[in-house]
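Take a look at the structures listed below.
In what comes next, chain A is part of two complexes: it sits with chain B in the first one and with chain C in the second one.
Right after this comes the complex of A and B.
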């Protein structure tokens, strides 16, 4: 859970990028129902977390509306938590926090991974060796241990900090995969042509290599996002979640502390579990179906 | 969805369930039938109908049975099962019940006379006499690391009139009968001189001695112990069998659980008969599940209050040093919600006083003064104090700033990790404070870290109790909260008054009330002290907690004492020893 699986080799080598995207989407529309299903599910979840509070008029997740684990009722559709707060409202805000942390973690991980991966892959030689050695060292350290130590060291953890610390511990797989892609792309003819025309390394990477990996990076991001959300849940369940916030992991943390399983308060632990599952499911499905769209080899099957 | 989708979905579902730890929800308890499950009959195990299983008093592996060690394995010096004290404190009556001693009388204002029961004997057959009692207490003279050493602050001399009679000369400078009674009941049980005399003179401090085969005077002896349990066997030659009878359980076993919820589950399933654990929503066990489970009271608060968990405020930090800020904070806290959720209805809403309004201290509680000078949950009043009395203005971040520029926060409130009732209470405090514009967040360090920070005064706010109900309460609680005497400065280890509150009138009032034996005079003096407390707000009472949670499951044993049948107090320790004598196998 702490790491992501490398994405299959999905490099679109088509020169006309927009054309490729258009054709990919056309194929997706026709053939790939899984893609649309996962995209709709994800959109629904995001809408639930962003607009739900206004749609259902439940905008204060910390409002106390009942006692300890009140059963579901007309006012509290999914009962109350151990503080006497509405579980349904918490779910919307919790999903929002979890997604936010996932997005931040995903962006950070992708940023670091792409910078290290392309630099190593493009330059090769000593630079590549040292960067990859560093990456491999980071991979061998269990990221959950680093996460726990970092979280303990910070007594106040904001949502952004949580995203940051998850992001900086989960980039190595992306870096490795991106390096592999870059090494193969840099020998392509159009790269050589650009190089002969006098383009610098940064410009080459940005203009001639990155665009050809874009679909790949997007998919890696989706995976990082999903793993970031699950890592946040794991940390929060250990009591190391963001301070003064509500996330799905924090909801589960309190549900476990208050023995909701033993006392039969299913509404305290099943809804956040289901939501976490749906988020991770929709993201993984999105990634695997998008892979089929963007990857010509898989597409033909 | 095709097969691959289903595979992915089920993979994530399993992952998520594993994450939440709820992959295998516990099987519902089945009450009586579940009382003697096969797993209890492990090799060398004990017949269920002769064995009482207790819980909640031992966590972690064996350390020592030495009753004067700082950390003692169950049954430690407090249960009276192996070692007995002179008297047993009864939390239900506030009295001290006879145990080794038959009676105590005040010969004059500074002389206390104690008579031992006839025939008191050690488990090895040696007679237990006043010599053993004096030996035990005098250990405190030479071993300053023992709790009992402070006994000699209040007592000048302890002499044997004869084998059965003791005289205690109280220190006229620090006359405090309540505190002395506290020592006679709780702090240390009597230990045999003929065994411990040699150990007391050795090179190793007596508190460090690792005792594995304790010889006491009580009705039980150690049968075995392991990382999973401590088991006791009844001592049938107990000296008190003609006086008190013999307890019905031939064996008493304390399983060692790894967490609160495993202990509670074992209790719910009838694998533990008597439990001292915080078990949320215990009423569900009889109301919804029909289990033969009970507590002291059948209705809320279910337990007898014996402690006041309080918010200790660092009164030396900028902002928090302002009593009006503390008052605003006191008005912002929703005490009823804390009692309802954090304490799972096991508390009435906390009143602003150092006195527990019910039970033994109830007679001293000055309700009029509390209503006049105290506080209650009223966020509007909190905002009024901040804006009108203090002239604070709200910053763009929603947090108030005092006219001198001090921002109200960020402050941390500490609670020990895993102490769920306290964690929830401070979470609610932080939330309430944020709502009115004081920036408080929570921090949950492990208990040893929290304790060290508490002692050193290294906190903004921390939840902890003062001394609970005892023969010395509420005196000891007032001392803990208000008395600066004997408290080292911030940064050093303090045993009470962790926020180093100081007031010129407190020492004299405390000494006066300690020496007083007249209830009306005591009430007046305690009211004076409570007034100082209410005007200065060094701490804020958050809820009440029982001295011990007292929960019994009558699947195997019946006849447990309760409020309708108060044949023993609701506790396993101290005077609760009588509870083991009144139960019967079903």
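Right after this comes the complex of A and C.
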């Protein structure tokens, strides 16, 4: 079982962050093509959203360049949307917004999840019971409902607020999993040794427990990132997206509202759909292949 | 009181607590809107030019009185609870004087008619495929596994949009949306039912496909895991017949799948929200879409309440059912551990 660590090297096996990463990547290079494929796809999508506007010299997503649903042309590669704005430009900025919201939501969810999970798992007893009871209640109440209620309460929503509210509603699964990991890690010898040497709870968690879950936390972040992006798109399609930016979900919202399907203007709704699918697919593939790299037991054969 | 009874009571208390928290959130969050929701909606109405002067004044006062917005917050909450206990969800802002409960109960059957069959069909087909792929392996697994993994990794509303584009625009064999034709009015006649079915199959297909993918991936993993379990090896060693072993495996692998089914049914309203908007299908999702566009807070709150009640009740039923079905919980609760 994973919980048994030999006393002699219990301290020396602590993975240095860079060393662990280097070793994992070395294994990944050799064996895991899915990992590299998903990582390249993701990098490509990020580059498209960050540098695309400058590379293609399309830096103003709000500029009107035509009429309602103009077909793709030499100037507007993917046609225009219902307001007459360039879909291709919107797509780059929309991807950027969606990714940003996802990253903010993911970071916040991980932060809350790790703090609650490690505190509960490390202390046990009453603290664990009450923290987990709280977590279970948050899990039962559907997050989409809380998000809808919070969004209508916030009459203007910035990109940061969107990320914030999505993060605040999506941490419970991470907290649960981190708690389970922490309570199995806290009985290890190296934790005991540090405790006897007089380390406090916070430093024990930070130095002796968290480094061992780092790979796990990174993967939880990837999952939270992906679900954050999809939650944002769902909210935006309902009409509750960020009020000061264009996201992929907002593009879909306008396309659905302005009858793009019925009028056959595929360029207004297919590109954002494809981008969302690619983002979700690459993140899922990244997560599952990274799982195989970090957990050798999952590797087949 | 036996330990098993205590387990049931414990679960019931949890259910009540979660329900109360849900109610408070549902009441409180929309009231965090800066200013007062009635101001917003009345301002919108007068901007639209529909109502003005004394009529507007009267409308304003009637809203304030109905929601008790001039009362302190705790009194508003009591009014809210009182209305709820009479099954009254308030008056719609945008479609006044329509009651929210009427709007919701008109849309809900459409949602249930779409989601329930899709969930059931998707569950049965998905689990059968997953179990077969898990047990048989070979070519079947090589087709079923990657396909379902791919399908389940597509966001469900994206799949809905892609299918809508393919079948309604590209192949032109399905209507582009709606629950029935614009020229028809709902009635129980053969032509109307045919028309409804013509609009029904595509949203149904989209929902069911997503379910098949997710269920197949889950069931395949469960079957493979159970096939490798110690009790299977032990039974093989004892010479227990293959059929009997399959029955054991089936019972164990089904447990989480049944939970999944119950939770999906409980969450069926929220599960279909976005797809309904994509297909402009006349269910709860489309009602919510309209309500959000018109800042119709009572309707939004009514819908969020329906979603929460569904999800919480399903969770509670699963907990109770587990107490009866799962021997491990029963053993723990009756004091063997």
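Convention: the second predicted complex is superposed on the first by the 277 of 301 C-alpha atoms of A that agree within 3 Å, B and C clash if a C-alpha of one lies under 4 Å from a C-alpha of the other, contacts with A are read in each partner's own complex, and residues count from 1 in each chain.
FYI, a contact is a pair of C-beta atoms (placed from the backbone, for glycine too) under 8 Å apart; a residue touches a chain by one contact, two chains touch by 3 or more.
Predicted model only: the values in this text are computed from it and were never measured.
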- [ ] Sticking to the clash and touch definitions up top, decide whether chain B and chain C on chain A clash or fit.
- [x] clash
Open item on the list: In the overlaid three-chain picture, which partner chain does A:153 touch, first (chain B) or second (chain C), both, or neither?
Closed with: second
Open item on the list: On the A-aligned overlay, A:281 touches which partner chain: chain B = first, chain C = second, or both, or neither?
Closed with: both
Open item on the list: Contacts for A:129 in the overlay, against chain B (first) and chain C (second): which applies, first, second, both or neither?
Closed with: neither
TODO: For A:192, select first, second, both or neither according to whether it touches chain B, chain C, the two together, or no partner.
DONE: neither
Open item on the list: Just checking: does A:144 make contact with chain B only, chain C only, both, or neither of them? Give me first, second, both or neither.
Closed with: second
Open item on the list: Looking at A:82 after the superposition, I want to know if it touches chain B, chain C, both of them or none. Which is it: first, second, both, neither?
Closed with: first
Open item on the list: For A:19, using the defined touch cut-off, is the partner it touches chain B, chain C, both, or neither? Pick first, second, both or neither.
Closed with: neither
- [ ] Check whether A:234 is in contact with chain B, with chain C, with both or with neither, and answer first, second, both or neither.
- [x] both
TODO: Could you tell me if A:261 is touching chain B, chain C, both of them or neither one (first, second, both, neither)?
DONE: both
Task: Overlapping segment of chain B (options 73-81, 289-297, 451-459 or 523-531) - the one that collides with chain C in the superposed model - done: 451-459
- [ ] Could you pull out which residues of chain A sit against chain B in one structure and against chain C in the other?
- [x] 155, 230, 233-234, 237, 239, 252, 256-257, 261-262, 264, 269, 273, 276-277, 280-281, 284-285
Open item on the list: With touch defined as at the start, can you tell me which chain A residues reach chain B in the complex?
Closed with: 1, 34, 37, 62, 64, 67-69, 82-84, 155-156, 230, 233-234, 237, 239, 243-244, 252, 254-259, 261-264, 269, 272-273, 276-277, 280-281, 284-285, 288
Task: Complex contact set, residues of chain A against chain C - done: 136-137, 140-142, 144-146, 148-150, 152-153, 155, 230, 233-234, 237-240, 252, 256-257, 261-262, 264, 266, 269-270, 273, 276-277, 280-281, 284-285
Task: Residues of chain C defined as touching chain A within the complex - done: 14, 17-18, 21-22, 25-26, 29-34, 40, 150, 153-155, 157-158, 161-162, 164-165, 168-169, 176-177, 267, 270, 273-274, 277-278, 280, 288-289, 292-293, 295, 297, 300-301, 304, 307-308, 311-312, 315
TODO: Enumerate the contact residues on chain B facing chain A in the complex.
DONE: 1-2, 4-5, 8-9, 12-13, 15-17, 19-22, 25-26, 260-261, 264-265, 268, 279-281, 284, 288, 334, 337, 340-342, 344-345, 410, 412, 417-418, 420, 423-424, 427-428, 430-431, 434-435, 441-444
